[in-house]
Amino acid sequence: MLRPVAGDERCGLKFVMTLLETRSLSKYFGGLAAISQLDLDVCPLEILGLIGPNGAGKTTLFNVLNGFQKPNEGRVIFKGQDITGLKAHKIAQLGIGRAFQASTLFMRLTVFDNVFNGFHMNYKEGGWRSFLHTPRARKEERNIKQRVMEILEFMGLAESKDQLAQNLPYGHQKILGVCIALATEPTLLLLDEPLNGMNPEETSTVLDLLNKVREKGITILLVEHNIDAVMRICDRIVVLNHGKKIAEGLPREIGNNKEVIDAYLGADEEVDGIVS
Amino acid sequence: MKEVTVFILFGILILLLPLILKSPYQMHLIIMLCINIILAMSFAMLFSTGLITIGAAAFWAVGAYASTLFVMNLNISFWLALPLASVTTGVIALVFGSIIVRTPGVAFVVQTMVINMIVVQALGQIDFLGGWGGILGIPRPNPIGPIKFVSKTHSYYLILFLLLLTIVLFYALYSSRIGRAWRSIRLNPRLAQTLGINLFRYRLLAFIIASVSAGWAGSFYAHYFGTIEPGTFSVFKSIYIQIYSILGGLNFYIMGPIVGAFIMTLMPEFLRVGKEIEPILTGGILVLLVIFLPGGILSIPERISFFPKMLQDASSSSRG
Amino acid sequence: MMQKRSVTFLGMMSFLLLLVSGILFVSSRSIAQPPKEVKTLKVGSTLPLNLGMGVETKKMLEVIVPKFNEAGGLTVQGQRYTIDLILYDDKYSAEAGRAAVERLIYQDKVKFIICQIGSAPIVAGLATTESEKVMSFVGGASPKIVSPKNRYIFGTSTTRTSIPPLWTMAKRVFPSAKTVVFLSPDDETGRARANEETQVAEAFGVKVLQVLHYPRDTVDFSSIAAKAKSFNSDLIDYPGAVAGTQFGLQLKAMYAAGFRGGQISAITPQMDEITAVASHEALEGLLCTMQGTEVPNPYPLAHEVKQDYMKKYGKWSEASLTWIHGWFAFVQAIKKADSLDPEVVANLIATKGLEWGIPNGKAMLVKRPDLGNNRYCDTCAEMAYSQIKNGKLAFIGRIPLDEAVSACEKVFGGKWR
Amino acid sequence: MTSALFTQLLVNGLATGMVYVLIASGLILVLGVARIFNFAHGEFYMLGAYATFALCQVLQVNFFISIILSMFVVALLAAICYRLIFHHIRGNLLLCAAASMGLSMMFERGALVSFGTQERGLPSVFTGVMAIGDAALPVEKIAVILLCVAIMLGLYYLLMRTKLGKAMRAVKLDTEVAALQGINTTMVYALAMAVGCSLAGLAGGIIAPLFSITPNMGHAMLLKCFMVLIVGGLESMLGGVVGGLVIGMTLSFGYYILGGLSEILLFSIIGMILVFKPGGLFGEVVEDV
């Protein structure tokens, strides 16, 4: 499906194929609109930043995109297919991966097992063969264990592979979350505040990693409060406030947008808190 | 290699148990223990997907009654009735499971409990199923060659075979991708969904497999015990089954039920000298075990390593 | 953290302590050995110690058996035996009952089991007692106990044979009664009793309008009573009811529903329990059986057990009498056969019958041709009846043993002696 | 069915139902706030009945004073049980369930051993019959209904208007947040346990003059309460109220219309609720998302 994309220099085209699009998407909680009439386009291979003050509906949007919550109105279209209201596991199988805001991991498993569990969808052999432990299934399992190590090495967690997830430092837990999401081999990765609570050094490491992830052919939709980082890494930025899109464009355009600045100033500058 | 030696020695011990235990009464307890282990493992399997059932005894009952009815009404061999009863249990579990597996948490606990009550009521009310008095004179398993299944020893080897089959089957499941999916669901259902795991399907699968294993335990029970009556399969049996698993250690899906059932089956017999205060002792020990060993008996090794540390920092540490 | 660890430590210590004391408890039992010149005969019993009737029966047995031993015990072929009663809890359940029976037979090597109460544990233990040729003198209401397949089990309670004598008495007390409604619990006993009483009532020319079953644990009988009342029958009968407060609640509810007709029951109500829940008006006129200890001029045996029981425990409980017939039958059977071989004893009494004395009077083994069993396997006994007058049981008469058996034969058919 | 009979059955169902409501609300409260699946709940009901009996019959205290006193006795006992047992394993549903099962075993047999085998009963407090139209209604049933309604109103007040009630609701919603707001959660848990179990104890006291008092009276009641939870859901007190009344009415009218088959009617109603409303009439279906 071709959509016009305003002033996108990087794509070099006026019309590109969108990977994910939402059309007049709305989600209400008891009369209160968490998202209202949202149109959003995500192009392939871009890193799209989603910013906005607390309560702007970013996390709700992720929950709707990933199937945790059903929208009240509107459509979600992924790779040309209508995925509105599908169950979360179905959407995951179609190729939308998600890394969570809070450290949602398998806390009592090792780092390795965390990522290993993430490979659930990527077995070619069925559960029956795996249950019988046939040679083919075991070979595939070895193969997958190798791929787990590849991901851990790629993300720089290989050394702590035998540690329990709950014993990891906070920053590493966040990266592990991304590792698990990568294990599902998604086309589109939803990242919920991966930089939350990190120092500048860790931040730049993660930003490098995200660039590397994109180079592997994975589109990233990023929610982040760290505006500097978003400006640095994102190809495009969408600004939400009260569930509505108030601005969309290149990082520097957004930086100068008066409405955006107002929205942020009006929101007490409190950007690190926990969004409901 | 030390573990392998221990394992082999243990295996020999189990195989030669009838030679060591001379008293048929002790063999009876061991046979009942094996049945209880299978039931507790079926509880543990559902727990491995994050579901807590208080209805395991219901599927045990279905297996027992199905097998009995097949053998006594259709005159088929026990060896055919055993798998047939297991399949019947599986079908009934599919029906109930597809209704209740969608609601995890406390709701599931209450629902399984009520299903247990419904099954017991049905068994008692329907005369065709024997009514409240149950069914008497259920034949022993048909003889295979010289093995007649009259003696406790033969029954022991049969239930041992079923138990080992269950253990191997469950172990294979837990170590396969299915088991990993279950573990993901139990540890974090939200995250598991984003990994593409269909919670409903995997939980239903666990529900059916757990019920089927309870079903063959039931089939064996009916033919070993010779009589069945609805009261045996009441909710309180299900609660006991749950306790077996908790006592052994919930994080040990196979060893936990074995250890827990071992204690809870043999302890009341051991305390029989207490006559009417036996349940008070059993209940008290249960409460103490739960409080002081919340990780189950199998967590003792972890706990023991605490003791030296405890003595060390007895003066320094003040963290509440 | 700290606190928790010390708590753990304490907990494990107390657990160990419990274990050790348990072991000591067990071993102390085996240390105490009786003197050698008199041999010991082990006799087993399993009782539901979670229910009042089980505990009362246990208390009574613990009075009778030591007394019996003091009086010289049992003499078989010139050898004196004292009885060692080994008693386990069967929790009224099949599983615990079976385990207890297996333990009695294989661990304690008993050859005789007496006075079991609950049908579920009895039936569960049946497979083992039969195959191990262990004789059982048991209570329990289940007809499965007297099924022709069994050879070593004898039903020594009168539950299965008490209905025809009851209705003989009922026809005397309520001669004009034409219709009856049954109220019985929805369990095996209730259903079996209700079927049997239907047969008996029809044989006595009384029409059974309805059999109403209620769940075993019911305490609120108002609606059932309203239903029972709506048939406007002459009589209400309570087959299979449990003697205790639940029975009182049924009478209370029937009275509250406005029923004023005649009421009969084969059980012996415990007056202190039912008067605690029901008013005297609600109980007035109930025809029921009476314990042999309560009748005017009780038999010596009845007087004796009551005195002994009160000497040991202070307070008399009629419930302790209901289930002990098995003990007297056992003693009489051994004396008659003069043998401790269950095979010999069982054969003898199954073919020749047995008569013995119980606190209520005389009892005898009867055949059950109506159930296809031509062994002497079930028990008929002399019955005493009473009506409740002003909150007290008032004796109205006995049905002697002969008449009771004849009534049974007339109703169920076949020759019972 | 005449209208008199209908009224009779209605009052009867209401009385039984309200007793279920009382006990089930206690169960829901303990489950919701203290996160304990309390298998010993039926035993607290039994202990309440025995305490009332002891006060009324042995110490000759007035009936109403003795039910209130026995409520406090049960509450104290429950709080002690909480502090000694459940406090160490708080938050763990399964361990609490197992511990409460052990507690139930101890209480049941302990009652039989210490209170004796004789089943008890209290003489009726209200013996009269009230005539409304053609219907003759026993006053004691009406008194039970009124008492239960009054207690439920009191509970409502406690939960909605008092500080303790607010704390309980906060803890039920989110324990951590409540703790951050400075609520002493241990205290709230213990009090929730005490209040919940004392409701069962109160119910035991209220039914003492109507029904009988036996050591194993708790089992049957507990199973009935689980049915109430299935019908009403586990979430709210309202669910407990509706569930209790539905079960009470079903049994009352069921026995009259169907006789012994009414258990089947009850279970088919429960089966339908399982299929169509798996979370109960007033419960949300909580899926793992």
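Structure notes:
Labels A, B, C and D are assigned to the chains in the order they are written; within every chain, residues are numbered from 1.
Just so it is clear, a contact is a pair of C-beta atoms (placed from the backbone, for glycine too) under 8 Å apart; a residue touches a chain by one contact, two chains touch by 3 or more.
Note that this is a predicted model, so its numbers are computed, not measured.
Between the contact lists of subunit B and subunit C, the overlap consists of D.
Relative to the whole-protein C-alpha centroid, the nearest chain centroid is that of B. Contact count check for B-D and C-D (C-beta pairs in contact): higher for B-D. With centres computed as the average of Cα coordinates, no chain lies farther from subunit D than A.
Centre to centre, using the average C-alpha position, subunit B and subunit D are separated by 31 Å.
Subunit C and subunit D have centres, each the mean of its CA atoms, that are 34 Å apart.
For the pair subunit A and subunit B, the distance between mean C-alpha positions equals 42 Å. Separating the centre of subunit A from that of subunit D, both taken as means of CA atoms, is a distance of 48 Å. Of all residues in subunit A, those touching 2 or more other chains are 68, 88, listed in ascending order.
Listed for subunit B are residues 125, 190, 193, 199, 276, 278-279, 284-285, 291, each touching two or more other chains.
Counting partner chains per residue, subunit C has residues 7, 49-50, 55, 186 touching two or more of them. If you check the complex, the residues on subunit C that touch subunit D are 4, 7, 49-53, 55-56, 186, 210, 212-215, 217, 219-220, 222-224, 226-227, 230, 244-246, 248-249, 256, 258, 270, 272-273, 276-279, 317, 319. Taken together, the subunit B residues at the contact with subunit A in this complex read 172-173, 175-178, 180-181, 183-184, 187-188, 190-199. Contact residues on subunit C toward subunit B in their complex (touch as defined above): 1-3, 5-12, 14-15, 18, 22, 25-26, 29, 49-50, 55, 58, 87-89, 93-96, 98-100, 102-103, 105-107, 119-120, 123-124, 126-127, 131, 142, 144, 147, 149, 186-188, 191-192.
Residues 5, 8-9, 12-13, 16, 88, 108-109, 112, 117-124, 127, 136, 138, 141, 207, 210-217, 219-220, 251-256, 259-260, 263 of subunit D are the ones that touch subunit C when the two sit in their complex.
Those residues of subunit B whose C-beta lies close enough to touch subunit C in the complex are 23-26, 28-29, 32, 124-125, 131-134, 136-137, 150, 225-229, 231-232, 237, 268-276, 278-279, 281, 284-285, 288-289, 291-293, 303, 306-307, 309-310, 313-314, 317-320.
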